[in-house]
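Dropping the structure in here first, questions after.
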Amino acid sequence: MTRIFVTVFAWAVLFFLVAPLLVIFPLSFSSGEILTLPVPGYSLRWYEDFFLTERWLDATKNSFIVGIATMIIATVLGTTAAYGINLTNFRGKTVVLALLSLPMVVPLIVTAASMYLAFSVVGLANSLWGLIVAHTIIATPYVLITVLASLQTFDPNLMRGALSLGARPVTAFREVVLPLIMPGVAAGAIFAFATSFDELVIAIFITSPGEFTLPRQMFAGLREFISPTITAAAVIMILLSFILLFISEAVRRRGERLTAGKVKQ
Amino acid sequence: MSKKSRISWLLIAPLLALVVAGFILPIGYTMVKAVKNPEVTAALPRTVMVLDAWNGQGMPPDSAWDALADDIEESRRGREFGAMTRRLNFEMNGARSVLMQTRRALGSLEPPYAQSLPVTVPELATPEIWQLIKNNSNPFTASFLLRAVDLQFTPDGRIEAVPPGTAIFLDLFKRTFWISIWVTVICVVLAYPTAYYISSLSNRAASYAMLLVLVPFWTSILVRTTAWFILLQREGPINAGLQAAQITSEPLQLIFTRFAVYVAMVHVLLPFQILPLYSVMKRQGTSMLRAAASLGAPPWRQFLLVYLPLTMPGVAAGAVIVFMLSVGFYVTPALVGGLQDQMISYYIAFFTNQSINFGMVAALSLLLLVFTGALILIARRFVPGLGSLKAG
Amino acid sequence: MTKHGAAPLVVFDNVDKVYDGSTKVVDALNLQIEQGEFLTLLGPSGSGKTTTLMMLAGFEAPTRGTILFDGAPLNNVPTYKRDFGIVFQNYALFPHMTVAENLAFPLRMRRESAADIETRVQRTLGMVKLDALKDRMPTQLSGGQQQRVALARALVFEPRMVLMDEPLGALDKQLREHMQLEIKRLHEELGIAMLYVTHDQSEALTMSDRIAVFDEGRIQQIGSPRDVYARPQSTFVASFMGENNRLDGTVQTAQGHDVSVQITPGGPTVRAALAGGTVQVADTVTLMVRPECIRLSHEDGAANRFDGRIAEVVYHGDHVRLSLVVDGVGTLVARHPVSETGTEFTPGDIVPVSWSAQQMRAFAGKGPSNTSNGD
């Protein structure tokens, strides 16, 4: 009896989670100007509007620029830092770890407002570079988490082995460590990109109409008036998230396969 | 320091530098702004000096008038005048117009001003404005922090409650807290059976079911909120559906209501509760329940005495995350909620982008930060290691 | 007694290793490794043997003291320049490279030509009889095969020395014994000095030219397997190298190395060889004699002859273990080989018991308190 209740309840919740996203899809293909169901007719006009309006295209372009830059910088900084953290227990390690986790812990609104105030003083507000810096800072903790997790399952004897065979430390890192932690690095990179691409709050504070990102543009659209083009933008973002999730899962599976049959003690 | 430690520091340094420069310093800068009070001293240096010698009772010496005139004349060119008037107006409504009036009046007057000014600007003939200037010539002020909890300074320097019409912040904090608590509770109630159900499925079925949790999780908060924004419109699909099913005859006001805020926030935050719960439940398995059964415990007791306590860490971990995120939430309430449903974050944004008052931004941020910090420290008792990266 | 009579290859000169400012894991180590020899560092866990190997490899730095190789100090030479072949306990094969790629790695680091690499990899794989597996991934190999790949990888670049850290620990008994002989054979074939770390004393006895027995960061005794086994200089070494019968007694007479000891007051005396130092009459000594040295007959030349009553008989396939009670001496365990026409032993029988004075070692003072240990 309870079993049936739980099953129904769970499926209801899962439906609740997914349904709103699904509803957006048909709405984006609606030919009508009012967003409601049933859809009066099907049309691609909102997608056309999206791809032909400079505003939307510029916003998408900005999102990709900032997203990719964030991904690269966060991944490089995060991976090197994770390696350094994993290397040895140096004095002050707990403090450093606490500092590096702060961006995850401080409420985003506080981070956004503070950055805006401070960045304005050095002229970084209202620039894509400011946004890149801000996004890198909030994305890097996630890179740290995934790369550290990878490093912790990494056999330190592999590094020693490589050194004993004549590899200089950097070569050893490149040839032996990196390929084996690549799943963690890749997962972190994807997460960094996703974090930056989807990010809105900081973008609200730090960008002005010339540098709007896609979420920022959507937000503006919602506040002012609802053009159904927003549904097209939303669908595109959902598809992008889905692709990122898929890539991330594929990377994770590949990583598991590589270390699955590891030499047992 | 050992060689390894040196290499460690070298590798961590770039990231640490970025975090300190781009994050720690800005937050520190903002926290300081919560108590900084530079505008008056910047705009009216001479007046401040003269008033420093004044005891605050009765009227200031005549030299104060001339000093004021000189200062206003000087700051005419810069932006300090505007900043100063806004700052003083924050403390006493109407101060700004008095000072603007003064500036206009000075255009047609000659020194000494002690006699001429009070005629054109009668408000200057009473001590309040002068006390106000004097009280705010201190480089630091507690004014913003006080205002953030609906308190203010009286002209003679005491602390009193802000008039009921303008007292919004305490309510705001309460509202934020309550909404967050309810959202957390609802999330826990919804997540628990769901996570349990998924954990009881075969691996293959579970991964499909988890997909239904992960896809929303990976979709941006904005998109999910937008979905609700569209769904809850008067002419939106939900209303259309209700009317079509003849449950209602007229469209309901769903958008810009507290209901909308709850629905949307729960929708956004639910995955954060399901994921840690699922992970704990998956690890638990059924062995403990079976052991309890073999010892004679009926299902409801197995649940209450064994399963619930064992899965509590998952509940706690998720609940803390949900609550913390919810307290600082901006996007969702801002989009789907009415003015009466806004939380602290709304006002932080408001004072930054609309009614510019960095002091209030800082004060509210500081309080929010303190609250979050306290929350983490308390929650750490129940969920060890919360809020910090783990490193072997 | 060096094998080749040349200057030592490796010298540990007063080396200390201290962790966290307080734990001394290696204590004033002085050790020489001769050219081409097979030296085993033997000891219980925590005795410092692995740390010593790690310091030679360059993974740990000595807190004090110098390590010399071919006369030149190694202290500041980084691992990747030391040119030692190292076999790790868990093999440390690169899981993302094939067997051939694993072997090619050190040759690539030395910038050998592709053709040379191919030849040498092939040859080394032949040496360990793994030619057929060269394109497999390490995870597809059995434990024994992985072990041989690890060995091959450590040899392919013709290192100046090979270091092995308990390489056979993960293998089952039969495979382990087979590999012990394989490694020994390779050692003879190649003539490279090998440093071997193990806690298994039978392994050390099988393979080594010399054994250094470690305990608490110091070398307790170093010598040939026979030296260390038959002529232990301390009760620790005696217990660690194999089973012992242990008796405590008082010295009756002492002349040079010969001592006679009385176990129980008023009881018989036994003759033993002093393991070092001097003793006086009435001193307490610990006596140790190995079970296989206890004969069930009165042998000519055996100074200790008694009669013993059999208390317990345990059959072990190729030998039997007998507990014998000798009045006035104690309970002794004897190991007696089983033969087709051998006598059957029954508890309660009285049998002749003897052992030579040379085989019973006497140590001044008290030793470890277990009578018979099989470490």
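General observations
Going by the order they are written in, the chains are A, B and C; count residues from 1 in each one.
To be clear about the criterion, a residue touches a chain if its C-beta (ideal position, glycine included) is under 8 Å from a C-beta of that chain, and two chains touch if they have at least 3 such contacts.
Fair warning: this is a prediction, and the values are worked out from it, not measured in the lab.
Path length between subunit B and subunit C in the chain contact graph, taken as the least number of steps between touching chains: 2. Closest to the middle of the protein, by Cα centroid, lies chain A. Counting C-beta pairs in contact, the chain pair with the highest total is A-B.
Taking each chain's centre as the mean of its C-alpha atoms, the one that lies farthest from the centre of subunit B is C. The distance from the centre of subunit B to the centre of subunit C, each centre being the mean of the chain's C-alpha atoms, comes to 69 Å. For the pair subunit A and subunit C, the distance between mean C-alpha positions equals 56 Å.
Distance between chain centres (mean CA atoms), subunit A to subunit B: 24 Å. The set of subunit A residues touching two or more other chains is empty. Within the complex formed with subunit A, the subunit C residues making contact are 57-59, 78-86, 88-96, 105-106, 109-110, 138-140, 143, 146, 153-154, 157, 170. On the side of subunit A, the complex with subunit B involves touching residues 2, 6-7, 9-11, 13-14, 16-18, 20-21, 23-24, 27, 34-38, 77-78, 80-81, 83-88, 90-91, 93, 96-111, 113-119, 121, 133-134, 136-137, 140-141, 144-145, 148, 152, 194, 197-201, 204-205, 215, 218-219, 222-223, 226, 230-231, 234, 237-238, 241-242, 244-245. By the touch criterion stated above, subunit A contacts subunit C in their complex at residues 155, 157-158, 160-169, 171-172, 175-176, 179-180, 258-265. Across the complex, subunit A is touched by residues 1-2, 4-5, 7-12, 14-16, 18-20, 22-27, 29-30, 33, 190-191, 193-194, 196-198, 209, 212-216, 218-224, 226-231, 233, 235-237, 239-241, 267, 270-271, 299, 324, 327-331, 335, 344-345, 348-349, 352-353, 358, 361-362, 365, 368-369, 372, 376, 387-392 of subunit B.
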